[in-house]
Amino acid sequence: MKKPTLERRISVGNLPQALLGYAVGCYECHGLNPGIHRDNFKHMGNSINVVVTPSDCKTCHPAEAGQFEGSKKAYAYKDLMENSVYRMLVGTITGVKRIDSGKIATDKPSEMTLHETCLGCHGTKVDSNGMKTITTRLGKIEIPDLTNWPNQGVGRVNPDGSRGSCSACHARHAFSIGMARKPYTCSQCHLEPDVPAWNVYEESKHGDILFSKYQEWNFDSVPWVMGKDFKAPSCSACHNSLLVSASGDIVAERTHDFGSRLWVRLFGLIYSHAQPKSGDTTIIKNKDGLPLPATFAGQPASEYLIDKSEQGKRLRAFENICNGCHSTQWIEGHFAKLDNTVKETDEMTLAATKLMTEAWEEGMEDKTNPFDETLEKMWAGQWLFYSNSVRYASAMTGAPDYTSFKNGWWYMSENLQHMKDWIELRKELKEKH
Amino acid sequence: MKKPTLERRISVGNLPQALLGYAVGCYECHGLNPGIHRDNFKHMGNSINVVVTPSDCKTCHPAEAGQFEGSKKAYAYKDLMENSVYRMLVGTITGVKRIDSGKIATDKPSEMTLHETCLGCHGTKVDSNGMKTITTRLGKIEIPDLTNWPNQGVGRVNPDGSRGSCSACHARHAFSIGMARKPYTCSQCHLEPDVPAWNVYEESKHGDILFSKYQEWNFDSVPWVMGKDFKAPSCSACHNSLLVSASGDIVAERTHDFGSRLWVRLFGLIYSHAQPKSGDTTIIKNKDGLPLPATFAGQPASEYLIDKSEQGKRLRAFENICNGCHSTQWIEGHFAKLDNTVKETDEMTLAATKLMTEAWEEGMEDKTNPFDETLEKMWAGQWLFYSNSVRYASAMTGAPDYTSFKNGWWYMSENLQHMKDWIELRKELKEKH
Amino acid sequence: MKKPTLERRISVGNLPQALLGYAVGCYECHGLNPGIHRDNFKHMGNSINVVVTPSDCKTCHPAEAGQFEGSKKAYAYKDLMENSVYRMLVGTITGVKRIDSGKIATDKPSEMTLHETCLGCHGTKVDSNGMKTITTRLGKIEIPDLTNWPNQGVGRVNPDGSRGSCSACHARHAFSIGMARKPYTCSQCHLEPDVPAWNVYEESKHGDILFSKYQEWNFDSVPWVMGKDFKAPSCSACHNSLLVSASGDIVAERTHDFGSRLWVRLFGLIYSHAQPKSGDTTIIKNKDGLPLPATFAGQPASEYLIDKSEQGKRLRAFENICNGCHSTQWIEGHFAKLDNTVKETDEMTLAATKLMTEAWEEGMEDKTNPFDETLEKMWAGQWLFYSNSVRYASAMTGAPDYTSFKNGWWYMSENLQHMKDWIELRKELKEKH
């Protein structure tokens, strides 16, 4: 609290009286807000919560918790599980399949499999089913019987009703800022084939410099001085850290709303699109009537997305970060390339969509669930794996192997060929009846 | 020898008189047991073995060599090459294929290709074909003409008749305990797509903490103090190191029988199953009459596998390690999830087996070799790549990307669809004759 | 300049008078040879080049620039873009595909997509379209309007007419020798699925030792002392660094012609072959009349390739490096294995070629473009991904997983099966007409 604002690691103005003068131990975090914690229990005479939530962390870090609250990360559970289209994707992939009189029948996915697949990153719904008795090294104790626990998914729904898990990035019980700034942390979730941020970064020039040199850098200093504390950006440098120049000027403010610096959304949806206005993307309704930011034919649901002017503002702020090391011409060349890639990869997705639509119209496959038949799976691969990968590689200044081969243009092109082959094959077989 | 037992790096009680008082140089290891070494030769006046084997290391490390001797690792060559089913798999994959009047003919795999494929990890059979003369920088010398050398596969059959290679993990000539404790060492063999231990670990929370922080840890101290020398487990911490708590209590004894802490076997076989009783798995015979721990329909060959009570004992001992950092509820939630995953992935394998069996019954493919035709290869991928990967990711508390996409549920589900498509296609074509 | 020759980091004999006595700042590099730089402009009163090229670096490093000039790396742009066969491959992969009346039509690839796919590594053609005005933080300035910039591909064609980019490996503005010696640098381009040098190295015994220990090594010393500065080779140790033994004897001279230590070329072409004599491989013409080092049936274009005697000389010099740590028998065993692997993987490619040729002869596919149809893509995968991967894994003493499964023998064998299946399917459908 005595440090200048820029160097502070807590953002609260006035600490609650009860915490002033204490170092942070167990109880300072696990004892907060017991009244609303459905996971509260008596432990050695104290009233303890099993799960520490963003609402608890907010006591000392209100700015960070506030930014996070409205972000897509906070809504990661809801945005997946309460979106009818995505829920169908999840169910199609993770339900056990059984062969029943020569047919494949799909079970409803089990809670436990959801817990360790999609919800491992997106976060589970942790709640209490009442109390249960367990046997520990210290004997029998009564504890809350929690559902879908343990989990530290970033959009976890907590037993105090809050959303999120700070330990997704700030691992217990060090809660290190330095660890969160290293790409290993982001690599827990942002990985190929669907979100190859780590993989692309690792092969990029930025990654080369970081991995070759980072042992000589300082990942713990606040604020983070560009060119002094680090010489090539890690993920957090561009996406959320408080950065200052060598002369102490603020280059970027810290944010825990991880999408707020971004103007375009590159992954996870069928087409890339302007960032959504709200972290809660379940409110979107496109012209197809679906909760997706674009129709199957690519028309954006613009009223739910930020507009050109906001996009431009964010791009310029982002370029200011690049400008810490790179010239204006360099940066303009880079982002012109990204714009072109967004356009071309969306065109490659559209080509796949046209083939799938043809198959639907010919009655080859059934559009009710767009993820459960042969061509539909190829179509999903086209955007979820291949277009996404090319866009990531384009955005992160390097990693030409990912654009060319590894889940890139090679596969985007081959996949279209396979879709076409399959359609032709089915047609030829039908004709022969 | 003067150190307290817990801190000792050698396990012998009384060193042979000839070694007492010497530091370890070349001859102390390369000169042992010359009488039984078929790779022994005279070198600058000394009688030298080219290959140092676990029987030689046993001189100072009898406890470790003894544990290793009976382990699956020691039998890695035999368990692969003297198992008729696995031998067929090996031959089908690694034999050169030739196109002969429009047909694919498969050669017997060459020794050299076996040497650098399967036996690169499993170990080769190193023996002496007598002596040969070679020209070195020091002129012509006579040396033993060794087969399948160099190799440091963990189940190598040595020219003194022993099994194994300590340098698989303790690279010559440092033989570092610290290196063996780092996951880079395990990553030489335990890799995707069939055994993705390294890949899953790298994306896990444990991996995040280790890679972000390990330069501040101590990988060389004996015993290894949890929470002090290291703050997140590497592979060896859970699987074989001697661990003590901060107060000096033994949490786990050192073992070089790497399966001995495990209750269930997750990979390498068609279905997961209780750990085998013996490291020599060629002795197993299941109800199908095959040397596999379960039948094609999934029935375990229980008499060769540890029983429920032994499984429970091992699980509880393992949980004691987790308990060094995690609460009982946390651990129980984790292993309940793993149990469910074992069950569901085996069901996904069974679905693939049913489709293959249908194809055999319809005469589409020939069951003599279950690895050499189209559907059979898809079936093998279902367990060898996909079910295995999901189980690894489940076991290692994290890596949700591997369960969901990367060789995980996405591919398990898609692969079944492809198998079904292929069967339908063949049927339709047949009907049209 | 005052250091003994072996320890020098610059290779010029007499520095130009204008540079003597100066430390290297911005202008010392960006101000060189302005007369031939089409990217020159006036900046704060100085005449500045945007792009620093190998011709500029040559001022102080003439030996390195001279070696590089004739290498395949320097010709990486030309060897790809001015080779008719390779140009077809590039266009087939990276052109946007559109569905037009049920057919797939391929656009010409855009400059920007080429820039960030193939040419990201191979290098772009950077030239000036005249001047343009941009707005920077310092106000409006006039700068050269550069094409295909930024780029640091190793075979970049520069606005002074030179070829190459030193910053491909020596990242601006540190130009560190230590960074270039770490495998992270090579990993920017030499990656799976087509060139899996990094991936194979990472799993090898050499990689295990390096990643476990390299923080204790010295990557910056010149010359680089084997066994003292480092204990396991990184990429550069074997391929281009100046190495000396502990006693100061030269084990290998420094070279920036990265192919010059190699006798056989393992990747990138349909069949492995003796290294080409010239870095400019567009001059090759084989018996098929194509600019490829072997015909489709595997016959080498020997007059353009180094002969047996030169191959032997290079192999012996390379073995001398291995001999720094390994015995002669060890090395001979290793390279005998590589020879066999080169032969067998070429046979596996030949099998795929025969199937494709059959399809051409039967009129199933059209040979005009050998990369754009279903079987052709499988054929390209056979050598570009699978044969290449096995050879890399064989060459780098380890990584048995890459030979066996990951893009290795498993896929080489399965891919042939798929090619055969496709041919049979097409035939059966045709017969039914």
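First chain written, first letter: the chains are A, B and C, and each begins at residue 1.
The criterion applied here is as follows: a residue touches a chain if its C-beta (ideal position, glycine included) is under 8 Å from a C-beta of that chain, and two chains touch if they have at least 3 such contacts.
Because the structure is a prediction, the values reported are computed rather than measured.
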Practice task
Hop across touching chains from chain A and tell me the fewest hops that reach chain C.
Solution key: 1
Exercise for the section: Please state whether the interface between chain A and chain B is built from the same residues or different ones, using more than half shared residue numbers as the mark of same. Expected result: different
Exercise for the section: Using mean C-alpha positions as chain centres, tell me how far chain A is from chain B in Å, no decimals. Expected result: 34
Completion exercise
Listed in rising order, chain A residues that touch 2 or more other chains are 215, 425, 429, 432
Problem - Touching residues on chain C, where the partner in the complex is chain B - result: 202-205, 207-209, 211-213, 215, 231, 323, 326-330, 332-334, 336-337, 340-341, 344, 347-348, 351, 354-355, 358, 393-394, 397-401, 403-406, 408-410, 412-414, 416-418, 420-421, 425, 428-429, 432
Handout entry: Interfacial residue positions of chain A with respect to chain B in the complex
Key = 50, 92-94, 96-99, 102, 104, 110, 112-113, 115-121, 134-137, 143, 146, 149-150, 152-153, 171, 174, 176, 178-179, 182, 184-185, 187-189, 191-195, 215, 373-374, 377, 385, 425, 429, 432
